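Each of the next two complexes has chain A plus one other chain: chain B in the first, chain C in the second.
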Partner chain A sequence: MLEDGKISGRQAAFLIISTILPTSIMLLPGIIYQEAAQDSWMSIILVTFFGMAAGLVIAALGMRFPDKTIVQYAGLLTGRVLGKAIGLLYIVFFIYINTFVIRQFGELLVTMFMPETPLLVFLIGLMMASAYSIRCGLEVLARVNEIVLPVVLGLLLLIVLLIIPEMQAQKLTPVLEKGIVPVLRGIYYPALFFAETAVMLMIIPFLNRPRKAGGIILKGIVTVGLFQLLTMLATIMVFGPRTARIQFPVLILARQISIAELIERAEPFVMLIWVLGGFVKVAVFYYCAVLGTAQLLNLKDYKSLVLPTGVLLTVLSVLLWGDVLELTRQITKLLPPVFIPIEAGLPLLLLVLARLRGNRGGGR
Partner chain B sequence: MKRKTLTLIISLALPFFLASGCWNKVELDQRAIVAGFGLDKAREEGRLKVTVQVAKPGEIKAGAKSEGGAPSAVTVFTGTGYTFFDGLRNLAMVTGKKLFLSEAKILVVGEELARDDIGKATDLYERDAEPSTRNYLLIARGEAEEVLETEMGLEKIWAYGIGNTVKAMSAHGKAPAIEIADFLEAVESKTTAPVATAVRLVSKGEEKGEITAGENKARPPKEIKVSGAAVFRNYKMTGWLDERETRGLLWVTGKIKSGIIVVPAPGDDSRLVAFEIIRAKADIKPEMKDGNLTITVEVEEEGNLGEEQPDSVDVTVPGVLRELEKRKKEAIEKEILAAVSRSRELNADIFGFGEAVHRKYPGEWKQLEAGWDEIYPTLEVNLAVDARIRRTGKITKPAEPRS
Partner chain C sequence: MSRSIFRKLLSMKPKPDNKRVSPARAVPAGRDKLSGELAADLDMLRNVLGNSMDLVIREFMLCDTRAALVYINGIIDKEALRENVLRALMVDTKMVNTPGYSSGNSLAARVKENVLSIANVKEAVEIGSILEGILGAGIALLFEGDHTALTLKLPAFETRSVGEPQTESVVRGPREGFVEYLYTNLSMLRRKIKSPDLRLERMQVGRVTGTDVCVAYIKGIANPKIVEEVKKRLERIELDGVLESGYIEEFIEDAPFSIFPTVGNTEKPDRVAAQLLEGRVAIFTDGTPFVLTVPYLFLESVQASEDYYSRHFSSSLFRSLRILALILTTELPALYVAISSFNPEILPTPLLLTMASSREGVPLPAIGEVLVMGVIFEVLREAGVRLPRPVGQAVSIVGALVLGDAAVSAGLVSAPAVIVTALTGIASFVVPSQSDAQIFIRFCFTIMAGFAGFFGLFLGFALILIHLASLRSYGTPYLSPLAPFSKGDLRDTFTRFPWWAMGGRPRVIGWRNPRRAGNVSPPAPPGDKRNSRGEGDG
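Moving on to the complex of A and B:
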């Protein structure tokens, strides 16, 4: 095996949360608000159900091949050539989506905290940390995340609690002003994030009990949904229509905090959430890409691929977009129609195929 | 062996790169910490005059006194630029240090600029990483620069003193406390008219009639007075509210936390009775009946008898307290009506009646919204004020002279 480590169900659920949450809470409130306005929170509830469905498909597929990743078993289902193509598709997906995450990571830090520091400085720091953790293996990453995630969630809760005095519940009304259609449209963008459980296609074989994958994914998605709902509600009740124009609403939320002139401007919390959570998120995708490539090429070890892939990711994330608006435009316009099918559609197709052919990759 | 040495060298060298601090760090003594901003139209066409009040960290502690006697730890700089941002950067030429914007508490905009376009002041606040949209927005009768150049009460950093005054005045109902975020929220609403705190300079003693010629000929000392409000339509200022109208506005928006209501005593109009407001609540209730829209403003106020000029009322007589409550209620109603009629004059929905209708009647709102400008001046506004007197203080009756 390329990866000797095994991770527990809890570690896997934590990884899922860290894979989705950091960027989704930062980016989504504004984007969803543009569609669903004050009813955006309903979109989040609905998209959580979508995420659960997509997660169950991914789990069902993975559990049929409890000791293989999708790169390995795709060939068993579709034939060798097509299987390799599917494997390659997922590797490209993991790399491409990661470039967006990495760039966003840097953009937030540059926009909000250190406008004069070159973007690349943040990216190189991030990639060096990620590369190191990946070389240490999945188990190490999972354990680091066990420390990181409670901090991230705790800080997020703290921000929402501290901002309560600024909330005005009336900003949630009128409910369903323009009917249900905008709410449904509001599902489209977050669906991309809520189907990021696709990383489990690569990770299920390393669970100590792969049969539990379904429950693990559901736990992860529901947690993400709850926190997303919380931040969305807080954002709407504090900013109202301004939400739609704000690039990183949670950050501005933290900035609005003012308790008795004593606790003010809590944005360092957000920076912690972003740096810690963003690091795990990037590392997970990075790991999936590296491991997948090694399996596709039948290498004995993936470690030799870590550095080249890291360089590729860093360079791409700088070169692909000239400005931040182009980046956001692509996340909202270009990615969903391409990536949602890869995240959820293709696994569904493969699952149906596996059912029809009765494939079960039990033996080794 | 070789590998170990290399690792050692690298790990010893790393702190030099990693622990040296931020990329663009600026030490505290290299910073000019801005306490308040001012923005006016510059004399040159198309330019803005930017004023910053910079805190001098060294003197905050030392307790230094300026010549005037009032404590001060600020310096004021003024410069011009094509935009707010441009002007701020140009100021570095005179300050010699880079301005640090995060600790500012107020933004003062001169009336002339406010009447022209206040959007020139607010965008930077939302967009730039440093300034906070929680700063109070004040509109100066006259120039913002003069306001920032005037010393303020007991506060060493004058702009902070203004910020504190705004907060206190809002609770007392003399001026609204409007943060830039609140202002922009009203701008974004299609019907609500934004308001901002009004500030002006008065000559010391001017209102008391104490000023004497010859004393301080060159420049009579001035005082900052935070009172009243400026009313906007979108980004353009259209008029002022005086103190009374402002309290009317704050009654309706439920911002009043304390303050004094003075009414003539029943039976003797030359004697006054003062009530202290303890708490107040307000609710705007729109009602649509057969296509007719009415707004009911419900205000619940509770207070104490704070003072009476002897010997005007005897609260121990049954019924007198009820009579006083009635007078207080009427006084509140008059203030609200003053605000309503002024807002009709300006055709500015400063109370957010439109948004209240929007929330209650989202279906009908679409048609109403487009014609709100025509609807608002003739909108039927009913008042339901409930004013209570709970306590009469430590005594019941004032000392009675023997006759």
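Moving on to the complex of A and C:
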């Protein structure tokens, strides 16, 4: 086995939350608000259901092959050549989506915290931490996340709690001003994030009880949905229509906090959420890419791939986009139609195929 | 990378030729058994021991046979030698030849059975084992014409009396600490755990020193795999001398290249007993009061033995304080640097103004101030540990007045930097078992914060966290029970639940025997129905 570690259901659920939450709470509120305005919170509830459905498809597929990753079992379902192609597609997907995350990570730090520091400093720092954790294996990443995630969620709750005095509930009205259509349109983009449970296609074989994968994914998605809903509501109630123009609403929320002239600006908290959460998110995708490549090439050990992949990710994330505007445009326009089919569509197709062929790879 | 280079360097070292730990090495080949000729055997012993000045050989007549006592002056009990050995052998020996009394054939066996009123007597045939007996605080008894000798263990040498340990002082709890003599230490442990399941297994480590090492565990609670692993690692040690348990620690720890200790040490018997009861294994080393315990987990460093003796509210509170101190001592200087050089705007305005005015005119940047003051503090601390006591006052005057006060009033260092350094220094004494790691982390974090502000600090935090998560101590993850998370064990980490609520042994270590209490229930006034139910949640 390339990876001898096993992770518990709790650790897996935590990993799912960390894979989706850090970037989604930072980016989504503004983008959803552009579509669904004050009803954005309904979009989030709906997209959570979509995420649950996608997660169940992924879990159902993974549980048919409880000891294999998608790179390994795609060949069993579709034949050798097509299987390798699907494996490669997922590896490219994991790398490509990760470059977006990495660049976004750096851009936020540069624009909001340290405008004079070069972007590469942040990217290299982040990749160092991710590469180190991956070299230590999935178990270590899962353990780190078990400590990181409660901190991240706790700080998020703290920010929302401290901002309560600034909230105005009437900013949520009128409800469904323009009918249900904007709410539905608001699902489109966040669906990309809520289907990121696709990483489980690579991680299910390392669960200590792969049969529980479905429940684990549901737990993860529901938690993400709850926190997303909370931040969305807080953002709408504090900023109202201004939300649409704010790039990183949670950060601006934290800046608004002022309690007894003692806690003035909680920005370092946001940075802690962003650095720790972002690092785990990047590491999970990074791990999937490295492990998938090793399996595709039938290597004995994935550790030799960690450094080259890391360099590739760093370089790509710098070279692919000239500036933030280009990055943001690509994220909103290009990504959903390309990535949602890979995250949820292809697994569904493979699941149908597996059902038709009656393939159960569990015994092997 | 550095590890593999280090390994290569290590393997270039010439291999040690001799593995066995035994005085038998000194015996010429072919003459490793007693010849039965007393004079020749004594010569042999004298030669092997190099005619040492403290070697005593006393020849006498046992009835009509020549016999000799061999011992080393100063390490045996002379009183017992006079009363129970010499007197018996020279005066009360009539019964040796009395037919009804004697059993066994050789003279040695008869003497052992009938004459010697000493408990620990062994028959020895080989010169090696006789030498071992003599050097291990015993007396050898040789007889003319007999191929068997007797070794009597009669240790008596100057030892320090049991006192209060210097490193772990307590307000409430036992005040006795281990001493340098192994058997006194073992007796202290036996006195605490009167169970036949307490296992004490003797090993010898050190090719020249032949140091006695004892592996202690409780059968049925400790994980046999860990016990085996400990013994295996101890057997692998090839070293001339073991003078302190630190020598052993470096050979048996899991992560020799980590700044974090993966083997615990303590000089308190009550602490060792508690560790054994949780399923750990203790390693006693002769010649040092410091006993090693494995597996050692990160959170043990914030647990004091006193936590379990004082009331659980205060224990829980103090544990949280210790964790706070651990965070302060590692991160405060870095935070100061990050805030004052990168993000001063996050401070409330009045505080910001105060800080800015005190920083005015200071030549060094914040990171320079904090690093210089940090190094000065470490120097003062190290000086304080080493110097003779009367000089101490001078050091504290120089440290506090000259370096602190004068530096600030001369405008070399800002007052906040001095406050930060002082607070950091004080906080570093709260969790002494992680003191090495604390210093490294503090300086690394400070430098990283100097380069990249909060990002550097958080990145450093993430790196340390990954490192901690990757460590294991004898198979147990170092960060457990936090990661991997274990709900039941959380009762005894940040808080200390009352004893009646901690019926379960810590699962990560003592999982083989998960319950340490019967049905426990909180105490209740007489007549309360909870008393009769007799059930707790554990």
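The working rule: the second predicted complex is superposed on the first by the 364 of 364 C-alpha atoms of A that agree within 3 Å, B and C clash if a C-alpha of one lies under 4 Å from a C-alpha of the other, contacts with A are read in each partner's own complex, and residues count from 1 in each chain.
Just so we're on the same page, a residue touches a chain if its C-beta (ideal position, glycine included) is under 8 Å from a C-beta of that chain, and two chains touch if they have at least 3 such contacts.
Every value quoted in this text rests on a predicted model; they were computed, and no experiment measured them.
Once the two complexes are overlaid on the shared chain, A:Gln170 sits against chain B while remaining clear of chain C. Contacts of A:Val148 after superposition on the shared chain: chain C is touched, whereas chain B is not.
Once the two structures are superposed, chain B and chain C can be ranked by residues of chain A touched, with C on top.
Of the two partner chains placed around the shared chain by superposition, neither chain B nor chain C is touched by A:Lys6. By the document's definition of touching, of the two partners only chain C reaches A:Val140; chain B does not. Once chain A of one complex is fitted onto chain A of the other, the partner contacts of A:Val275 are limited to chain C, with no touch recorded for chain B.
When the shared chain is aligned, no partner comes close enough to touch A:Lys84: not chain B, not chain C.
In the superposed model, A:Phe113 lies in contact with both chain B and chain C. In the overlay built on the shared chain, the residue A:Ala129 is in contact with chain C alone; chain B does not reach it. Of the two partner chains, chain B is the only one touched by A:Pro241; chain C is not.
Residues 113-114, 117, 121, 265 of chain A are contacted both by chain B in one complex and by chain C in the other.
Per the touch definition, chain B reaches chain A in the complex via residues 22-24, 102, 126, 129, 132-134, 181, 184-185, 188-189, 358-360, 362, 365. Residues 342-343, 345-349, 451-456, 458-459, 461-463, 465-467, 469-470, 477, 479, 482-485 of chain C touch chain A in their complex.
On the chain A side of its complex with chain C, the touching residues are 8, 10-11, 109, 113-114, 117, 121-122, 125-126, 128-129, 132-133, 136-137, 140, 142-144, 146-148, 261-262, 264-265, 267-268, 271-272, 275-276, 279. Only residues 111-118, 121, 170, 173-174, 177, 239-242, 245-246, 252, 255-256, 258, 265 of chain A touch chain B when the two sit together in their complex.
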